[in-house]
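Consider the two complexes below, in which chain A is the common component and chain B and chain C are the respective partners.
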Partner chain A sequence: MSSQDDVAADAVRPQPTPETGTLRERVLEWADSEVFKGAISLGPILLLLTVFYAVPVALLLVYSIFVEDPFASGLTFEHFSRFVDVSAITSLQFSELSYVRLLGRSIGIAVIVTVLSLVISYPITYYLGQHAPERWKIALVMLVIIPFWTSYLIRTYAWIPILSNNGFINSALTTVGLPSLPLLNNYVGSIIGLVYVFVPFTILPLYASMEGLDSSLIEAARDLGASRWEAFREVVFPLTLPGALAGGVFVFIKTAAAYVTPSLLGGTSGRMYAQVIETQFGTAFNWNFGAALAVILVVVVLGTIWIAMRWGIDVKGSRGLGGGGL
Partner chain B sequence: MNTIQSPYDIVASHSAQPIDINTTISYHTTVDMPIGKQSRRRFLTATGGAAALGTVAGCLGGSDDDTVNYFSWGAYIDDSWIQPFEEDTGITVNTETYESNADAINQIETAPEGTYDVWTPSAPGADFERAYQNDLLEPINLDNVPGWDEHIFEEMKLDDFWFDDELYAVPMTFGFDGAVYNHEEVGDLGDEISYDVLWDDEYAGEITSRDDAATQIWTAAKYLGQDPDEPEDLDAIADALNEHVDLVNTYWTSSAESIQIFQQGEASIGTSWDGAYHRLAAEDEPVSLAFWEEGTIGWIDSFCIARGSENKEEAEQFIDYMISEVPRAWFEGPEYIVVSDAVDYTDEELDEYNLEMALENTEFPAYNTDDQIQTYDEIWTDVTV
Partner chain C sequence: MSVADSIRDRVGSDSDPNDGAGSGLKLATLLTYLFLYGPILVVVLMSFDAGRYGLRWDFTTEWYASLATRSDLIGSLWLSIQIGIVVMIISTVLAVVAAFGLSRFDWPKRKGPIATYLIFVPLTLPIIIYGIGLFVFFTQLGIGRGFVPIVVGHVLYTLPFATLVVGAGVIGLDRTLEEAAMDLGADPLTTFREVTLPALMPNIVAAALFSFTLSFDEFLISFFVSGSGAVPLPVRIWGMVRADIEPEVYAISVIVLLISIVIAAMATRLRRF
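The block that comes next holds the complex of A and B.
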C-alpha cells in the first residue's frame, strides 16, 4: 500500500521541530500529511453524498415524524399508524389495511420480476460466458447495453402498441382465431415492462460471474456422472450466486419502488406503492404522510434484502461452499 | 403513428425552453478577449462566470429590465403568441413549464419570491383555493386589464375568482370532463348520458375514468343522488366505487393517456376531457362526445399573479394581451376553448365545440378541506388497491 511507503519516507526525512520550522515548511508538512490527503481525496465525494443523499434522506425522516411543517408543528407517529391501522388489525379486518396490501403487492411484483429476470439471464449469460466465440462476445454484450441508449420512458411507451387490445400480439391472436389476452393495464403489463427494463441489470453482473467460471469444473462434474441439471445445481449456480445476488438485489430495489412502468402499463390491478407516494406529494399535499410511506418502503426493502442475503448465504452453506466464499 | 401521438404532451411540455438571455451576456463579456491558447482557460472561466451570473439574474426575475416571468402548462407557451408581445412592448417574457397544479404550487411555495409573475392554475378549484390560502397570489388590478370587460365571456366571470372584493384570477381556457364513447362499439348514445353507464355491466372491462380521488367521489355522489360537494354517505360512495372499479379497464391521469386508451381499444366508453375528444376526432377515431345528465365537471385555467411579483404591471399587461390580442392564434394552438370573444369563433366552431351547451352544463366542484382530501384519498386508495 502507498500509505506504508509514505510512512517509510516520513521516517527517513528529517523531521523539523515546531520551533525551528518556518511557515513554509509547516504548510508543506501539513500538505503532505495523511489527514490532508485524505480530506482532499475523500472530501468532495463525502460532500456530494452528504448534500445530495444524506440530507434529503434525513429530511424525509424528519418530515415523516412531524404533524405538518418540520419543527414548526408537533411530533407525531400518526403517519405511521395511518399506514398500519391498529384498529383494523385488532378487529381482524385485514382487508382494510389498504397501504399494507399495496406494499405487499409491490414487493410481490418485485420478487416475480427479480426471479423472471434471473431465469432469463441464466441461459443468456451461460452462453455468453462459456460458449460464445471470443470475437463475438463484445458485440453480444453491446446488444444488451444498446437499449440504454434510448430513454426508459420511450421504451416503456413502446410496449403499449405491443400489448394493447388492438396491439400486435392480440391482433395476431385474433387473426388466427384465438381469444385476445388482457396484457395491458393490469399487473401482467407491469411485470412484462419491468422485466424488459431490468433484465440487463441481472445479465451484466451474472455475465461477469459466468466468465470467471472455470469450465473444467463443469466438465469434471459431468465426468463424475452429474446430469446437466445436477451440474448446474451443484456447480454453476453456487459459483455464480454472487453475480446473481448482486443483480437480483439491484433489480429488487428498483422494482419495489417502480413508478413509471406501472403508471403506463399497470392500470388498476398493476398499481404499485410508489404511485401512492407520488399522490401524497402531488394531489393530496400531504408531504408528511408521503415521507412516512417512503421511509416504510426503504425499511421494508432493506429488511427483505437482509433476510434474502442471509438465506442466500445459507444456500451456499448447505452446498458445502460457505465460508470460503470462492 | 398512434404511439408517437400519445407521449406528445410530455415531450411538448419539455421542449418549451425558457428564453435564454444568458448566452448573449456571456458572448459580450468575452468577445474582446484574445483567443489564444493561453487565454482559453480565462475565456472559459469568464464565459462560465457570466453564464452563472446570467442564470442567477434570470432566476431572480431580472427586474431591472422589463420582463415577465411566465410559468404555465407547456401547451400555453408558444412563440407564435409570446413573440409578438415582446416585439410590441419591448418586454421580455421568460417562460417555464409545469405539469400539474400541485407541481406549480409546490414550486411557487419553495422558490424565492418574485421568481414568477404570471402563472395559470386551474381556477376555480381546490388548487386555486389552496394557492390563495397559502398566500401565493397577488390581487389583479382590472384597470390594467381592459380586456376583462371587453372580451371575457360573462358566464365565465365567476364569483369564485374574488376574495374580499379583490380579483385573483382571469379565466383563459375552459373545458370539461365529459363522456366519450366509441360509437362503433357501443352505438349512438346521444349527447347526454347518465353516469349509470359507468356502473353498467354491459360495458364491463371497457370503461375508463379519471384517476383522481376528488373527481371519483364527486361522480359517485352524483350517481347515487347525493350532494357532490357535501356527500352525506361516504360508505355508500365507497361501495359504489368498489363496484365501478370491477368494470373499469383502466384509469387515466392525463389527456394523453386517455387518448391512448381509446386509440388502443382498451376502453370504449368513459370520462375524458373534451380536449382529448377533439384530438381523437381529429385523427378520425370513431368517438363521440356527450355531457353527463347529472352534471359535468368543468375546469377553467386562469391567469393569476404569483406572490411577490416584482413586475406586476407588466404581468397585467401580458394578461390583457393574452385575452384581447391573440386569443385566435391561441385557440388554434392547444385547441381548448378560449373564453374570450376576441377569438371570433366561426359558426362551425361554435357547433363543433358545442359552446353554448358546454357553458350551460358544467359545474365546478367546491373546495375540499385537507381533512376531506385525506378521507377521499383513503377511500380511493382502498378502492384501487
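The block that comes next holds the complex of A and C.
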C-alpha cells in the first residue's frame, strides 16, 4: 500500500476521542480498530507458524552448534569444520572434501536441471500463450497443471521401468540393434527425474509471461522482416525472461535440496547432498552433524534467493505455483 | 516456400491465424506433453502387465485383485485419507482466517509484508529441512512419531497454498455487496454468513481440495515423523520401491493417481484464474 493510501485511510477513519468516551465505548472502538482485527485474525496463525515451523527449524540451528545434547553439552564449531575439513584444505588434499564435493555436485546438478527445465518450458509456453486455439487453451493449460498435483513419489519411481537396463528405452534400443545406455542409478537418472518433477515450476510462471505478452509486438517484428526465430530471440525471449527466471530460481533451490529423486534414480554417481543429511538422522545417529549439514543447505537456499532478488528476479512471482513440492 | 506462403508471411497474421505456430513449435509442444504424461502412462500400463519390465505386455488384472489381500496397503491408504481429511479441515479454516487477516486490514506500515512473508516462508525452505526439524522437535517433546506429528506437519505444509487460494478470492471479492447487505440492516456476522461466505465458496472448496491432495501425496514430512504404527501410503510405497518393486505398487499407485487427478481437476476448475 502506498503512503498516500495510508494518509487517505487515516483521514477517513474516525479518530478516537478518549476524553469524551466511556470505558465501554473505548473498548468497543478499540475492538473495531484495524490493528485489533488484524491481530485476532493473524495472531493464532503466526503463533502456529512460530511454534510448529520456526521453532523446529531453529532447533536444527541449535543442534548444529552443540557437541551433543543442546544446552547440556558445550558449544562447538566442530560440526561445521567437519563439513569443511580444514585438515584436507591445509594439506591440499581437496579430494578428501567429500561433503563439500557432494554439495558442489548437488549445485552443479541443480544448474543443469534448471537450464534443461527452461529449455523445455519455452516452446510449450510460447505455443500455449501465443498460438493455442482459444477453445482448447484452458484444457491444454489444465493438462500441464494436473501432473503437478499428483504424487511426485509415484511420478519419480515411474522412471525406473523406463530407464533401467531392461526397461522400455533400453529394450527398444537393443531391439533395433543399438547398445543399451546406462540411464538408471547414475547422475543421468537423477537429472532426468529432477527435470521431470520440477519442470512445471518453470512452465507455469513462463506461461503467465507468455500469455501477458502483447502479440502485436511479435507481429510488428515480423512485419519489419524478422524471421520467426529472430522475433523470438529479439522480442519474445527478453520480455518473458523475468517469468522464466522466477521459476528457474525455484527449480534451482528445490533441486539443490532434492532427496527423493536421487535416492530412487541416482545411484552412487547421482548421490546428492540432502541424502547425507538424512543419513545422519536415519542411520548414523549424529543429529548435531546432520543439523550442521542442514543449516548449510538452508544458507545455500537463502543465499540463492538473496542473490536472485539482488539481480532483480521477482522470486515471489512463482511462489504460489508449488504443487507437491519436494 | 511457395509464393502464396511468402505473401501470407508479408501480410502478417491477419490472413493466417496460425502464423508463427510452426510445425516445429507444435512438435515440441506435443513432445513436452508426452514427457509429462509418459511416466504416468507407464505406471498405468505396468499395473495391467503380467510380466515385469521389457516391451512384452500381457494384460492382467491380478495385481488389482491381490490388492484386496494386502491389508498393509489398504490400511495405509485409509490412514492417508484420514490424515488428508483432518488436515483439509484444519488448514481450510485457518486459511480463511489468514486470508482475511492478510488482505482486509490496514496494517501499520511494514508489519503487513512481514506477516505475509512469515506465512509463505514454508514455501521457500526445503521440505526435507522442515521434516527433519519437526522430527527433532517432537522427539524432544517426548511425543515421538505418529498421527499428530504428521497432521501438524501437513497443516503447516498446506496452509500457504490454501491461504493463497482463499486470498485470491478475498481480494477479488466485490465489497459493495457486503456494504449493500450492511446498509439493508444486516449485522457483520449475518453479512459474512449470507454474503461473503457464499461468494468465497468456490475458493474455499478449491483450497480444501488442494489441502487434501497435497497432504494425501506428501511424502518427506511423513517419512521423518511417521512411526511403524501409522504408516501413510506414500511412506509405504517408498518402502516398496526402495526394495525390488512389487507389481501391486503399480496398482495402488494408479488408484492414488486417480484420486489426485480427479481432485486436482475439480479444484483447478473451481479456482478463479
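Things to note:
Going forward, the second predicted complex is superposed on the first by the 265 of 326 C-alpha atoms of A that agree within 3 Å, B and C clash if a C-alpha of one lies under 4 Å from a C-alpha of the other, contacts with A are read in each partner's own complex, and residues count from 1 in each chain.
Here is the rule we use: a residue touches a chain if its C-beta (ideal position, glycine included) is under 8 Å from a C-beta of that chain, and two chains touch if they have at least 3 such contacts.
Since this is a predicted model, take the numbers as computed values, not measurements.
Shared-chain residue A:153: touches chain B and chain C both. Of the two partner chains placed around the shared chain by superposition, chain B and chain C are both touched by A:161. In the overlay built on the shared chain, the residue A:226 is in contact with neither chain B nor chain C.
Looking at the shared chain after the overlay, A:217 reaches neither chain B nor chain C. In the superposition on chain A, contact of A:172 is made with chain C only, not with chain B. Between chain B and chain C, it is C that contacts the larger number of residues in chain A. In the superposition on chain A, A:128 contacts chain C only, with no contact to chain B. In the superposition on chain A, no contact is made by A:308 with either chain B or chain C. Touching of chain A by both chain B and chain C, each in its own complex, is seen for residues 153-154, 157-158, 160-161, 164, 166-167, 263-264, 281. Contact residues of chain A toward chain C in the complex are 1, 3, 6, 9, 34-35, 37-38, 40-42, 44-46, 48-49, 52-53, 55-60, 63, 120, 123-124, 126-128, 130-131, 142-155, 157-162, 164, 166-168, 171-172, 175, 196, 199, 215, 218-219, 222-223, 228, 231, 253-254, 256-257, 259-260, 263-264, 274, 277-278, 281, 287, 290-291, 294, 297-298, 301-302, 305, 316, 319-320, 322-326. Only residues 96, 98-99, 101-102, 105, 153-154, 157-158, 160-161, 164-167, 182, 184-185, 263-264, 267-268, 271, 276, 279-286 of chain A touch chain B when the two sit together in their complex. Interface residues of chain B, counted against chain A in their complex, comprise 2-3, 6-7, 10, 100, 102-103, 105-106, 130, 205, 212-214, 245, 248-251, 253, 257, 260-261, 263-266, 370, 373-374, 377-378, 381-382, 384-385.
On the side of chain C, the complex with chain A involves touching residues 9-10, 12-13, 18-22, 25-26, 28-29, 32-33, 35-40, 42-43, 46, 53-55, 94, 97-98, 100-102, 104-109, 112, 115, 118-130, 132-137, 140, 152-153, 155-156, 159, 161, 164, 210, 213-214, 217-220, 224, 234, 237-238, 241-242, 245, 249, 253, 256-257, 260-261, 263-265, 267-269.
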